[in-house]
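To start, I am sharing the structure in question, which I have written as structure tokens.
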Amino acid sequence: MAVLQSGGMPRRVAIFVTCLVDQLFPRAGMAMVEVLERLGFAVDFPESQTCCAQPAFNSGYLEEARPVARHFLRGFADAEYVVIPSGSCTSMISRHYEELFAGEASTLEQVRALSPRVYEFSRFLVEVAQADDLGARFPHKVTYHDSCHALRELSLKEHPRQLLRQVQDLELIEMPIAEECCGFGGTFSVKFAEISGAMARTKVDAIVKTGASHVVSLDSSCLMQLRGALSRAGHNIQTVHLAEVLASRG
Amino acid sequence: MDVRDDFMERVRHALGRKLGQKPLPPPEPLLRIRYVPVEEKIERFRAALESLTGTLTVVDSPEAAARAAAALLNGRTAVASNHPFLVSCGIPTLPRVAGGITDPEELRNACVNSAVGITSAYCLLADTGTIVLRATPEEPRMISLLPPVHLAVVAADRLLSNLDEMLSMTPRPFDDSSAMVLITGPSRTGDIEQFLVRGVHGPAEVHTILVRGKPPKE
Amino acid sequence: MPAPAAAIRKTLADANLQLAIYTGTGRFKDNRTRAVSAQLLPEYQELRARAAAIKRHTLDFLDVYLMQLESSVQAKGGRIIWASTAEEAADFVLGLAKERGVTTIVKSKSMTTEEIHLNDRLEPNGLESVETDLGEYILQLAGQRPYHIVAPAIHMTREDVADLFAAKLGVARDTVIENQAMTARRVLREKFLSAGIGVTGTNFVVADSGAVVIVENEGNGRLTHSAPPVHVAIAGLEKLIPRTRDLGVFLDLLGRSASGQPLTSYTSVVSGPRRPGELDGPEEFYLVLLDGGRTKILADVEKRESLQCIRCGACLNACPVYRKIGGHNYPWVYSGPIGKVITPQFQGRETAPWLPSASSLCGACAEVCPVKIDIPGLLLKLRQENVEAAPDPEEKKLFQRWSWLMQRPGLYAWLSWLGLTLFGRRSGGWVRSAPWFARTALLRAWLSQRDFPAPPPRSFRDQWKERKR
């Protein structure tokens, strides 16, 4: 594991845990910290962090999104790496900030300076930390849900699977529609609740058919949608963020 | 301003362009042309067409082509085009085949009433099992369309790999023909419950006879 | 117009319909995936890139290609009709029919003629205008519009068709699909042979040869453009491609993207009326070029790519929303992701402001688009335009407050601490209903479909602080 710098000081990573993990799924954030520390990284949590601005951006409220995005950029300007337990929020920053600030040269410069250092968690583990054995054990049958933005905007198909394969006693059972959207879609989930719910139920059927006890994903938002629908349908199938699986010692 | 000028002006205005302003050169298409040995082309054509329930018979002479066609007709009525290659094989003069038609009315009636329509082809495309027909005075459109069975009898040197190869050989296919049709298997529909039905409007069966060797001089 | 909530609910609740849509689109989707796989079409991504570039180029210099097309069509003995509006396009066909004394017109499947409501214009004038694609024919008898761009009757069953044919054609009720298809063949064959005009759409219009390309499986397209004495092809301006040799790229993508077929059964490339000496084929050829709002889209450089669409329907089959709500809940003839993008642009933003928001932005549409239209990106732009033009005051206020708070981490952290301390649950779990103090519209909407996580007693940031101590 190529983690230590030549001087023997651990490399520093700043984590952006996302508002959703901060408020509702702190375990995913803590698990990410544990995995990063286990790999020898010094983890910073810039306390000024709030949200990446995606909810407003995706709803068309650019004016409201911009100051929040600027706030993010200020908070992480000095970070060597920014690691995020979400494909969706990572994509917002590394892909959509450019659009958001297309007419604002000075901010655009900050965006371009920062975005190459912004990593989704599984990409960071595979490409930067080159983690090949995290010593994780998770003695369960799991199925993996490809979250849309991780898969289609960040091309993260193999990274999480590669990491799952390293986990001792974990049985990965792929569902046939792993790449189909769970129906969350941010405000879509409440603006078009019935369509969103119908999409989740299709996904639930596929998950149940695998016989898995856990659903793993890179995004807590998808997991909230899926677990909410599983729970409503009376299925006792757990949802866990990839970080929680990798942090687990079984 | 007349309708046409007005229309054009609206397009130019939308694009922010002026009359006479030069365009950039268009991006190149991806042309896939490569040498494929004849035997391989024949097998590819066969596989592609058979996967669509069509058939291929390979024969070595025009006489054998006529025999194969007669066997396939098996006593059914047919209408044949005046394509020189069909004529050189003697197919329009087979029994129960209406051939040599030059009257439009007569042609349509023959197509409506025949069980089989026999054409040659401009070429065949091996990769997709496609029969390419070009409308000409000798090769009308209806023969391959109205009868429930279509038979194409084609010289082996007309077997090409794909559309790109054909278009590179014939960059201006409409200089001497008003229509080209690529026929890839029988007429089909899946419009009701995606259940496949063949022969909904065009032929339900497509057969090909590929003739090796040079036809005799006329 | 607000979203048709009741109609959507009805579609979602119809188990048979849900199954028909999901399996129907699923089959197309799987066939497409196989057909463009690296094993069967290794050059797929390169083809997409070229197709997108060629389409974009054609749009960017459309004026030049239109002029080239005009001279090549004329050189082949055809005529171009410049139709600025849908009405003008429909009126041309009507006028021509009257002039020629035509009573029966046959039509092959065409979204553009749906767009101009051709049949509605012809029929009140005593003309019989017959749809000849089996699916379209069924829908014409049923009085419905297409459910899907390439599979118009994907929502109907053999039972529906049996009832319909018995009622409208006076044939015995028959649920065997082959027999139903043969009934249509028999009835429509008569129409083809007696019609005075054949009207087709086009898949591509080739500028350098003046040719129109018609892609189909049944043969009704061929019969329509070659049996009647007059052929009228109707094309939106976006159908142009520069050269005959571009056809390989586009045909390799169209059939595979639509249904997984390397080539459909019939690809007709028609250039003008029959030539001297030909024994069949139309004596007259007209190409109606329709603007109908397209120049408006052309003028918007950011959204111009909406016109790259080749109407393959792949985005519909990939779309998890289309696969739930089906085709008839979209407000216009074009449904699915591409319908969401072009409907507001053609029909006006205010026709359906809800439409661009009815998407989870999952990106499955862009992934399968053979001409690389950034559909999610366009939906985002349309959402922005909605907000700029007429924001929902409630929503605007909500996002303003949210924005204010998200720039104040101290306050944000304090509010979060307060909320979680009061309402967080050490036991965790998922809740089915909201407590009285949290009965907001948003949470109610969430809980109408699924459970919500009971909030934890402490946020990540509080746990972090504690850990560092």
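Just so it is clear, A, B and C label the chains in written order, and each chain counts residues from 1 on its own.
In this section, a contact is a pair of C-beta atoms (placed from the backbone, for glycine too) under 8 Å apart; a residue touches a chain by one contact, two chains touch by 3 or more.
As the structure is a computational prediction, the values presented were derived from the model and not from experiment.
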Core chain by centroid distance, with centroids computed from Cα atoms only: C
Reference chain A; chain at largest CA-centroid distance: B
Inter-centroid spacing, chain C versus chain A (mean Cα positions, whole Å): 32
Between chain A and chain B, centroid-to-centroid distance (C-alpha), Å: 54
Overlap residues in chain C, where contacts from two or more other chains coincide: none
Complex interface listing, chain C residues touching chain B: 20, 24, 27, 43, 46-47, 50, 53-54, 57-58, 60-67, 70, 76, 80, 82, 84, 132-135, 138, 151-154, 156-158, 161, 177-178, 180-182, 184-185, 188-189, 193, 209-211, 217-220, 222-223, 225-227, 237, 242-249, 251-252, 259, 261-275, 277-281, 289, 291, 295-296, 298-299
Partner chain C, residues of chain A touching it in the complex: 17, 19, 21-27, 29-30, 33, 45, 47-51, 53, 55-62, 64-65, 67-68, 71, 99, 148-149, 152-153, 179-181, 183-200, 202, 224-225, 227-229, 231-232
Chain A-touching residues of chain C, taken from the complex the two chains share: 3, 5, 8-9, 12, 22, 320-321, 324-325, 357-364, 366-367, 377, 380, 383-388, 391, 395-396, 399-400, 402-403, 405-407, 409, 412-413, 416, 420, 430, 432, 441-442, 445-446, 448-453, 455-456, 458-461, 463-464, 467
Chain C partner contacts - residues on chain B that touch it in the complex: 3-4, 6-8, 10-15, 17, 19, 22-24, 26-32, 48, 101-104, 107-108, 112, 127-128, 130, 135-137, 140-142, 145, 162-164, 167-168, 171-174, 176-195, 197, 199-203
